[in-house]
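I've put the structures underneath this note.
Next, two complexes with chain A in common: one pairs it with chain B, the other with chain C.
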Partner chain A sequence: MSDQTKSWLETRLPLASSMQSCIWNMKMAVEKPYLAALGSLITATLIFLTLSGFVLSLFYVAAPGAAFDSIQFISRNVDNGWLVRSFHATGATMLFAATYLVVFRTLLTGGYRAPNELTWILKLVFLGLVLIIGYFGYAMADGAVSYWSLHETTVAGARLTSFPGAISNWVFGGPAGPGTLGRVAVLHSALALLGFGVLALHLAAKRAVAPVPTKTVTLHPYYTSHHFVAFAVFALIFAVLVFFAPHWGENQLNLAAANPLVVPAVLTPPWYLLPVSAFAAASSSPLGSIFLVLAGFAVLFAAPWLDQSKGTKPGLFYKILVAVLALDVFGLCMAQADGPSMLSSILSTIFIGWYFLHFLVLSPLATAMESKK
Partner chain B sequence: MANTATHTASDEVEAPAKRDFLKILTVSAGAVALGATAWPLIDAMNPTVSELAVAKPIVNVGGIAPNTALRIMWLGQPIYIRKLTPQQIADNQFIVPDTLPDPASYTDRVKPGYETFVVVVGLNTGISCELLGNSPSDARGPFDGWSCPCDGSIYDPLGRVRSGPARKNLAIPRFTFLNDTQIQFG
Partner chain C sequence: MKFGISAAALLAASLAFSNAAKAEDTLSPLHWQSQGNFGSYDKAALQRGFLVYQTVCASCHSANALHYRDLTALGFSPDQVAAIASNVKLADGSQASMDDNFKNPFPDSQVAAKAFGGAIPPDLSTLVAAHPRGTQYIYSLLTGYQAAPSDVNVMANHYYNVAYPGNQIAMPAPLKDDMVTYADGTKATTAQEASDVAAFLTWASHPNLDARKQIGLRAVIFLIFLSVLAIANKRKIWSGVV
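Let's look at the complex of A and B:
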């Protein structure tokens, strides 16, 4: 671009100067940890998933049976289709890993406390949204496990009455039929775009309550290079998974085509849906499952108000409790991934019980104790 | 470099050049990585090999008997591949193009070196209707070419319109002769 074109464009659309003042020269606090880059990484991963999902959607056929075949076609016939499919599946894994990490880090550092209640709620809204998108994506795979999972979800949903039943019918169009996958596919991409809106709201809310830093540096070159390092590590993990374990965390039975007359022995979802799946599996009635999942989210949403710290920094006891909670959720996922058995059912009940105990009793007690010192 | 204890004056002087080099290296590595990630996404949007095979079919024309035509479907349209007889060539070779409704010479309608084959889209150019005349027993009209069963337009063996409501010659699809017996469309 010549200088003349530049000034012509600049007077009409001052992109370069606003980039200069709003992005490159933005004042940032010094010595932010590398994990502070997770927000940028989540945004980048969502953009990446949108692009790879767009390419997959060019070939995807949203119909039972045909969907599985179209994914096989993508893997075998489309130029680099196997890679794009691995990109998308592994991108989902990375997005969930980063999102879960952000949620646990916020719990650990007490980042949900006033005045950060709203940023915490938006983080949880984003987590809930990606869980729904993730479930829809898993259903779209149309393998043996996906097929039966969608079947059972929609049949249970159609049996519900009043409002929950109406939502299920609006989303799935009744028990899984020829049109269900089409709805799921459209919602999968539409909600993904909504995710960008939630991320933008979160960023705006975070900036509004961020303390004014005493010592600052400009974003460029300090935090661009900082993010570049974080991004390189993130991309390295991503690349290792893409090229050496593209199906990591998936149920292997889902790589087989569905048989409408044979239910697979173990209906476990991909790893990132295991916590929700474990909460849902703890009750035998559909309404009970919905209640448990919502309750599991409700205690997270209520964390800022259950907290009794009154502004003091989280102490060691509280941090140990959060670390135990992380182990608890990990154990819950392991028990759920193991498939239905007496042992895993007992363990799941204990782990879920500890989860609620943590948020409703232990965490308020620990923060109250630590604020008195 | 990070060890400040070993910093000397010469290091300080060299540092900007070193930093520029590292910057160029990092940005280029980043650009290469970005390109390598974007390439599979772009490449995947290309048509697949099976789609290209359907789009560019190879047809064997060695078995077509003189005075008959082979009918194939390509891109949803009927394509007629006709082998001319010496009589048909003689009848149509020296007609002055300007005397025809849509002037075209013999050489305009065939490929050089393969002058006995006429390849046309078998749809009437007036009312879109599939033409008769691939077999000698069909109604071919007075010029021994094709006739339209819908509006009565008459074409000669080269696919040039001779009479009838139609005013344009039959369309010639895009194709090439691979050898004496094979043609490829597309």
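Let's look at the complex of A and C:
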């Protein structure tokens, strides 16, 4: 571009100068850990999932049976289709890993406390959103497990009355039938776009309450080089999974075609849906399941107000409690993945009990104790 | 049935001239070359496995996701694959072409269920992928037929198999020694046939395994270097600040 064109463009559309002032020369606090790049990584992964999902959507057929066949077609007959499918599946794993890690880290460091309540809520909204998107994506696979999972979800939804029933009816259009996957596919992509909106709101909210740093550096070259490291390592983990464990964390049985006459003994979802699935499985009635899942989320949303610290940093006891909570949720997922049995049902009840105990009793007590010192 | 045998003989003959390879031992110890992070398919085993599949399995099982043209990945030339396809008679009596899906032996699953007392032979395209340790499972299942212990009552039209969940399977033992004649001179024992067809069905489930691992190795090596470079770059840039 000649200098003349540049100045002509710059006076009409000041891209270069705003890039200069808003991005490259932005003042950032020094000594951010690599984990501070998780927000950028989540955004990049969501973009990546949107692009790979777009490619898949060109071949995907949203109808029971035909959906499974179309995914087989993508994997076997579309040029590099297997790679794009692997990208999308593993991208989902990376997105959830990063999102769960952010939630855990925020709890551990007390990053949800005032004035960060709204950023915390937006993080949870994003988590809830990707869980819904993840479930829809899982249902779209139309395998031997997810076919029946969608069936059970929609049948349970259709039996609900009033407001919950209306939502279910609006989303699924009644019990699973020929048109259900089409709705699910549309919502899968539409909600993904909504995810970008939530990420943008989160970024704006985070910037508004960020403390004024005492020592700053410019974004470029300091944080570009910093993020380059985070992206390279993230891509390395991603590549190892894509090429050497492409279906890691998925139920293998879902790679077989669904049989409308054969219900699998256990409907184990992919790893990232296990926590929700475990909360839902703890009740035998649909309303009870919904209530437990919402309650599980509600205590997370309420964390900033249950917390009794008065501006003190989280102490060791609190941090140990959060680490135990992480183990608790991990154990809950393992018990759920193990399938229904007397032992896993007892363990799940204990783990879910501890989860609520942590947020409603232990965490407020620990923070109150630590703020007195 | 007579046609089936002569077709198998034709198939074996048509594959015979291509294989100058020598007899292989994949049984002691039992292994599949595709296993492990760097393993790739043993094409000789895949070709033997396809012979077993086409001679034995294909008479009852479908593999709907596969096309005859896909067989070139096993190391067959296009002419050989065309010969394999032309040996297959489709339901309408015509010869199969390269672009046809593997022939489904039954017009629909109800006919299949009727033929086998209600048990539908599962589609084999994704059987290995859909089962934990799928390759080993196929081998164990095919070599797992035994006389039932005295305290087990085997149901009508069922057979005792140690590898099958519940131990009672509706499929009679499909393999026996020398059911096929391998062109490469490998001895066609039941165990060898089972191991080869397990290799073939693994390929059927994961046709891109070789490409995946090849690209993967390059991608991972590249990204390791990129990560090291990124860390060095970051340290150099930040050296004056912190």
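Just a few scattered comments:
In the analysis below, the second predicted complex is superposed on the first by the 373 of 373 C-alpha atoms of A that agree within 3 Å, B and C clash if a C-alpha of one lies under 4 Å from a C-alpha of the other, contacts with A are read in each partner's own complex, and residues count from 1 in each chain.
By our rule, a contact is a pair of C-beta atoms (placed from the backbone, for glycine too) under 8 Å apart; a residue touches a chain by one contact, two chains touch by 3 or more.
Keep in mind it's a predicted model, so treat the numbers as computed, not measured.
Placing chain B and chain C on a common chain A by superposition gives a fit, with no clash between them. Applying the stated contact rule after C-alpha superposition, one finds that A:216 touches neither chain B nor chain C.
When the shared chain is aligned, chain B comes close enough to touch A:79, but chain C does not.
The angle formed at chain A by the C-alpha centres of chain B and chain C is 50 degrees to the nearest 10. Within the superposed three-chain model, A:55 lies in touch with chain B and out of touch with chain C [touch as defined at top]. Touch criterion not met for A:21: it reaches neither chain B nor chain C.
Legend: residue contacts after superposition of the two complexes on their common chain; A:349 is shown touching neither chain B nor chain C. In the superposed model, C is the one of chain B and chain C that contacts more residues of chain A.
Of the two partner chains placed around the shared chain by superposition, chain B and chain C are both touched by A:235. In the superposition on chain A, contact is made by A:87 with chain B only, not with chain C.
After superposing both complexes on chain A, the closest C-alpha pair between chain B and chain C lies 6 Å apart. Touching of chain A by both chain B and chain C, each in its own complex, is seen for residues 77, 83, 225, 228, 235. Looking at the complex, you find that chain B touches chain A at residues 26, 30, 33, 37, 39-41, 43-46, 48-50. By the touch criterion given at the top, residues 37, 64-67, 70, 122-123, 125-127, 129-132, 134, 205, 207-208, 212-213, 215-217, 219-220, 223-224, 226-227, 229-231, 233-234, 237-238, 241-242 of chain C touch chain A in their complex.
By the touch criterion stated above, chain A contacts chain C in their complex at residues 30-31, 69, 72, 75-77, 82-83, 86, 144, 217, 221-222, 225-226, 228-229, 231-233, 235-236, 239-240, 242-244, 246-247, 252-257. Within the complex formed with chain B, the residues of chain A that make contact are 48, 51-52, 55, 58, 73, 77-81, 83-84, 87, 225, 228, 235.
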